[in-house]
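Labels A, B, C, D and E are assigned to the chains in the order they are written; within every chain, residues are numbered from 1.
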Amino acid sequence: MAPAPPLPGAVVAPPLLRLEGVHTHIGAYHILHGVDLAVPEGEVTMLLGRNGAGKTTTLRTVMGLWRASAGRVLLAERPIQALPTPEIAQADIAYVPENMGIFGDLTVRENLLLAARRARSLDDLDTGRLDWLLGLFPALRKFWLHPAGKLSGGQKQMLAIARAMVEPRRLLLIDEPTKGLAPAMIRNLIEALREVRRGGAREEQPTTVLLVEQNFMVARALGDSVAVMDDGRVVHAGRMTDLAEDEALQHRLLGLSLAAHQ
Amino acid sequence: MLETRDLTIRFGGHTAVDRVSCAFHPGTLTAIVGPNGAGKTTYFNLISGQLGASSGQVLLDGEDLTRMAAPLRTRRGLGRAFQLTQLFPTLSVLENVRLAVQSRRGEGLRMLSVWLNHRELLDEAMAIVERVRLTRRADAPAASLPHGDQRKLEVAMLMALRPKVYLFDEPTAGMSVDEVPVILDLIRELKAAGQHTILLVEHKMDVVRELADRIVVLHNGQRVADGEPATVIASPVVQSAYLGLAMPEAA
Amino acid sequence: APQEIRIAHVYSRTGPLEAYGKQTQTGFLMGLDYATGGTMTVAGRKLVVIEKDDQGKPDVGKSLLAAAYGDDKADIAVGPSSSGVALALLPVAEEYKKILLVEPAVADSITGDKWNKYIFRTGRNSSQDAISNAVALDRPGTVIATLAQDYAFGRDGVKAFKDAVKKARIVHEEYLPTTTTDFTAGAQRLIDKLKDQPGRKVIFIIWAGAGNPFKIADLDLKRHGIEIATGGNILPAMAAYKALPGMEGATYYYFGIPKNPVNEWLVANHYKQFKAPPDFFTAGGMSAAIAIVEALKKTGGDTATPRLIKAMEGMSFETPKGRMTFRAEDHQAMQSMYHFKIKVDPAFPWGVPELVREIKPEEMAIPLRNKR
Amino acid sequence: MTVLRSLLSHDLPRSRVLAALLLVTVLALALAPFVFPGTKALNVAAKILVFIVLVASYDLLLGYTGIVSFAHTMFFGIGAYGVAIASTRMEPGFAALAAGIGGALVLSLLLALVIGLFSLRVKAIFFAMITLAVAAAFQGLASQLSDFTGGEDGLNFRLPALLSPSTEFLEEPLLGVSVDGRLLSYYLLFVVAAVLVLALLRIVNSPFGRVLQAIRDNDFRAEAIGYRLVTYRTLSTLLAAVFATLAGALLAIWLRYNGPDTSLSFEIMLDILLIVVIGGMGTIYGAVLGSALFVLAQSYLQDLMRIGGAAVADVPVLSQLIAPERWLLWLGVLFVLAVYHFPTGLVGRLRQRRSGP
Amino acid sequence: MALAAEPVPKTRFDAIPLLLIVAVALAALPLVGSATSWATLTIAGLAMGLIIFVIASGLTLVFGLMDVLNFGHGVFIALGAFVATTVMGAMGGFVASPSLAANLAAVAVAALAGIVSAAALGVVFERVLVRPVYGMHLKQILITMGGMIIGEELITLVWGAQMIPLQPPESLRGALLIGDVAVEKFRLLAVIVGLAVFVGLLWLLNRTKLGLLIRAGVQDREMVESLGYRIRRLFVAVFVAGSGLAGLGGVLWGLYQQSVIPQIGAQVNTLIFIVIIIGGLGSTLGCFAGALLVGLMANYCGFVAPKVALFSNIALMVAVLLWRPQGLYPVSSR
């Protein structure tokens, strides 16, 4: 399947993050076969695709956790594919990995404290922002001083998301955040991401989001633009609204059938 | 029949499962739902023996399993698929499944025969691998599978155990939409066979609505609702605490 | 044509006793040089030394000695540094029917119950050590407590010492694990045992290897009038003696003590070569070399084992320690020991043992322990 | 071919080079008395045989079950002391040998049982450290019980006449080698070692062996599919102990001596660990290649350095570095480089190259 | 903080192990019998415990934070001790001087040199040996052992194989008499140093983000980097700190032993491993408690039943682990 050209006029905002012909190998395996992807500034971009399509690999390549063997990764037009991971992160990116990356031995509080790069102690944190987060995910407040490893699956997921949002960031990369979350929490999450993108009262700037998601309902509710991957390539890129309306396209790209979701 | 009586576990001051009494009958599928941290996984852990109860009992066909170690419970017929995938990462997909088959057949202690000569185990394992559509990956190490395939392997190991009671903990989480039906079909088949007791933790309400004969709702470790799917879903506690619908500002 | 005479020297070139092994080797080579008058030949036959490193491991030593006798066709062997290795070597000498001249391993059983007729020893044995010390300390009215390592070596040493003490009274034996690093507990027990005793009070220490038992002196033993006594040691270890001026004991060798031409040659040449005095084991190595050359001279260069044994039994020879004699019964070299008293001299970084009295071989009744 | 296949329990080398190396090693060991004459060479070959069994038994524990234990030399020592003590206390003969080995096996099994059960109570890393201390304590005990064990000095003993070097079977040397008790001992060692290694190969390739690997990978999951850790871990510990004990007995038979440094020292434990890693964990074949290489290096490095040292005798620092006294330095360097460059061991590395079946 | 308005109660400080030390000391009193003997033993044991603590603290720090099992720890101890012999040798005047200040200056310079050289060796160790094997215990054990062999040999090459005397300066020798209780002066110095190290470490670990970061880095290094921290540098820093502490410990130990041999580090290896296991593998407080217990037990056993002293450490370890399978102060989930 040839990659579908971006729809004309699709890019409204200039891309904050751009991947150009990115190839990634893991050991002897060639996983990404030339990914082209643009994440417009100030939008939520959904990255969809079947299991094994290479979504996680794409995010990890952006973070420098796996190295692109060819192609470029540009953040605000600056190539970052050769930088070490900490420097990529310091370019104001937050990342929620697929496996959540919780520090199980540390308490919830310590996990959050670490995510706040600028804070030396919790007193340095923006209390308003913290209150807002803990309001979204009350379980974290409840288990504030517990080792994070003891949390339930969903609670860990909340912590991972909260950690990425504890300070404002320019770009958020999130890998399957709704996995394991109860419906009420998914609602809260959608709410939070919308707020973050808006660059609401607390934000210094709007945050751009690149979100990997399996749940199409969530994708539709949140996404501004969308890219669909298959077999290590981006096979479709465009506006979310267009994809949401075109059931045939959904079926072709994602294997969605009406039976599989409400 | 699987039964729990006043099953309770406390971690320090926190009661994660609080006096839950419930009976589950063969041929039925019960969905266990509840908010994150409600105690669903912990409840499973108590049933399958990963955790020891603070008080209460677990009974299977009248036999008290409460003090029994996990492997023995497995042999009594309690099978479990985990929420956070648990595989043998360096072993191949086929070997993961084969080990489960071997355990069920009680052949783990043979030291003087060569495993490759036990064809029947291999064939049976291969059949299961095919059923979860992992044939193409049969020889790949489990660690190299993408997340969705790992979930399928997790389920495949449970199938290989052929237990009396199946405990599924969010089997489809992180699985892409086109793969979900593979798992759901498997569960449907099990249910249709009629003699298995199936417990399913799942956050996808459409799945629950379609598959479940009965829904048990856990909240703060307690059983707060139990019954027909339609009635339970409509109940206020599920609508507000779980689905979050009663909060108008969150719509 | 006269062939060469091959001498294997098995010693700890590496391993925990590396420093000792090196001294023996130096002394041995110097001894050959001295005894052959620099020609390295005896009766026209050239002496060749084959070095083997037992690493302080008995099994390695055993295999090396067998290889030396078997593969390298050594006529005679010298060594090793540690008693454990020596005991493993004894049957090899018997198997190959070749002489093993033990130097400097000290265990009594080497010339005792584990002995066979191919074994000679120039080094002193534990009994000689213990008995000479007993002779040095044994006075009426003296009260002695012993402090030793809790294993066979320590217990044997104390036993030999006790057997030799006739006039003094032994009131306590303290054994501590070989790994002891904190000696406070042992010291406190000794103090409690000794402090109320009448007369001269001495703690006699037999200690080899790690740990520094002389630290017990730091506990201010003087306030109870308790003295410490011990035998000689290598020079670096005698640094600890600086804190114990006036301490008495008996030593096997200290370069400043024996007055004879051999020792004078050794000290002078050692200074010349190494800018340092010869140490404890250097003298032993030299004695072993002299013994071999003297024996070969007696046989006229014949290396046939029976002839060598015959030549060596009862043979006397001049060493840096004066005249030694291989006792015919157990092939142990009878030799002088030296009763010393420590003096602190700022010119030396160690406590200097000053000769009180040479204890002649005749004065020590060294028991025969082999079953011949 | 099928015979070989079932002899090797279907676990073929899976690499031409590996197969060739194994063949060379086995042939060299089989023909050692004839091809490499001399006392030292034969001693080295015998040591290799003993280490192959010892290391393979440890591989069962470490490579296949994932248990890190520093107490393995304890069992090795028990085997060696069993033979040594029985042979000194009883009339030297096969009865003494049998009694010694039998007694040693019983003691080893008991200790292994205790240790195996303890391993379930504490975490892996704690277990490793505890075994370290236990091994040290055992060594202390062996030295304390000097009436039995000969203490630090160890025990020299005699063997049944059939196995002692003074027994000559042929008047004339065969192919330049005298056919005596020593030669017989060597071949006894060779045959026993071969049988033991093949037995271990069978065990690790049995259904039981596969469970051990599963436990190594994820013990939580193994329990959840019905394997009891207690049973499998303990059995693995027991088996490893039995094989190590037998290796110890072989060592004692060969050396006709045993002492704490010879069979109990931490240094030997370290050698075992290193050989397993160099050879390749969880392969058994690694034990064969690793032992051969390591023992050779250990035995001949010093000789090699003597030659090298003579060549650079005038270069100031270098000559000191290459002096034979410093052979351990270079062994240490080899040690580090091996761990570095063969992360999967020699066998793993050779198999990666996928050269033929 | 307002935020933690209704947090679930935090686990309280666990004083039982510290009380245990007191209990052991009190229980020993009737066994020892005489009060002066008891006091001598107790004071000496506590001081010895603190020396052991300094030696072991680096190891437990490196293990607790970085999950690296450094079997080569002994080499840093040996290096510290050998450097001290050189420095003290060069400062002969200060050492021999009757003035306490001059004496202490010599010891301080020696300690500093010991720390610096061990730390420098630590950099090399971390770069060359440990870095490739983070996360792999077995390989860490092997490679650090290899490093230890190399280090010991190099030390032998530089300083020779023979024992080198290391006499503490004049005013630190001998004992102070308090009544009939003799307290070695050197042990008093060790107490001061040990306590300073202990307090310093606790502060660093509990009052700064550093400890957190490194613990997190061990669990999921990628994640810490993804949060924007250069964990590499921190790891080096911790390893170097651990090595430096070992160097300091080596200086103290050498001065205590009054002589130094290349195997000095290897000789204490088992002892310090036992101490950090008792403490809980990685806990500084645990290491402290464990070291004091070991120091005391060695003296009490040595006095009451010397035969038992050989096994007292191991018995203590087994007893502690039967009571608390993860040591006195468990470091969670390891």
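Rule of thumb we're sticking to: contacts are C-beta pairs under 8 Å (C-beta built on N, C-alpha and C of every residue); 3 or more make two chains touch, one makes a residue touch a chain.
Worth saying up front: this structure is predicted, and the values here are computed from it rather than measured.
Graph distance from subunit A to subunit C, where chains that touch are one step apart, equals 2. The chain with its CA mean position farthest from that of subunit A is C. Note on chain placement: the centre of subunit A and the centre of subunit E lie 45 Å apart, centres being C-alpha means. Averaging Cα coordinates per chain places subunit A and subunit B 29 Å apart. Rounded to whole angstrom, the centroid-to-centroid distance between subunit B and subunit C, based on C-alpha atoms, equals 75 Å.
Each chain gets a centre from the mean of its Cα atoms; for subunit C and subunit E, those two points are 37 Å apart. Multi-chain contact residues of subunit C (touching two or more other chains): 18, 150, 177, 179. Residue positions 8, 156, 310, 334 of subunit E each touch two or more of the other chains.
Across the complex, subunit E meets subunit A through its residues 1-8, 10, 209, 212-213, 215-216, 219-220, 222-231, 331-334.
Remark: subunit D residues 62, 68, 121-123, 125-126, 128-130, 132-134, 136-137, 140, 144, 270, 273-274, 277, 320-321, 326, 328-329, 331-333, 335-336, 339-340, 343 touch subunit E in the complex. If you check the complex, the residues on subunit A that touch subunit E are 63, 65, 84-86, 89-90, 95, 97, 101-106, 109-111, 113-115, 117, 120-123, 127, 130-131, 134, 141-147, 149, 163. Against subunit D, the residues of subunit E that register as touching in their complex are 69, 129, 132-133, 137-139, 141-143, 145-150, 152-154, 156-157, 270, 273-274, 277, 281, 310-311, 313-314, 317-318, 321-322, 325-327, 334. Those residues of subunit B that touch subunit D in the complex are listed here as 48, 50, 69-72, 74-75, 80, 82, 86-91, 95, 98-100, 102-104, 107-118, 121, 157, 161.
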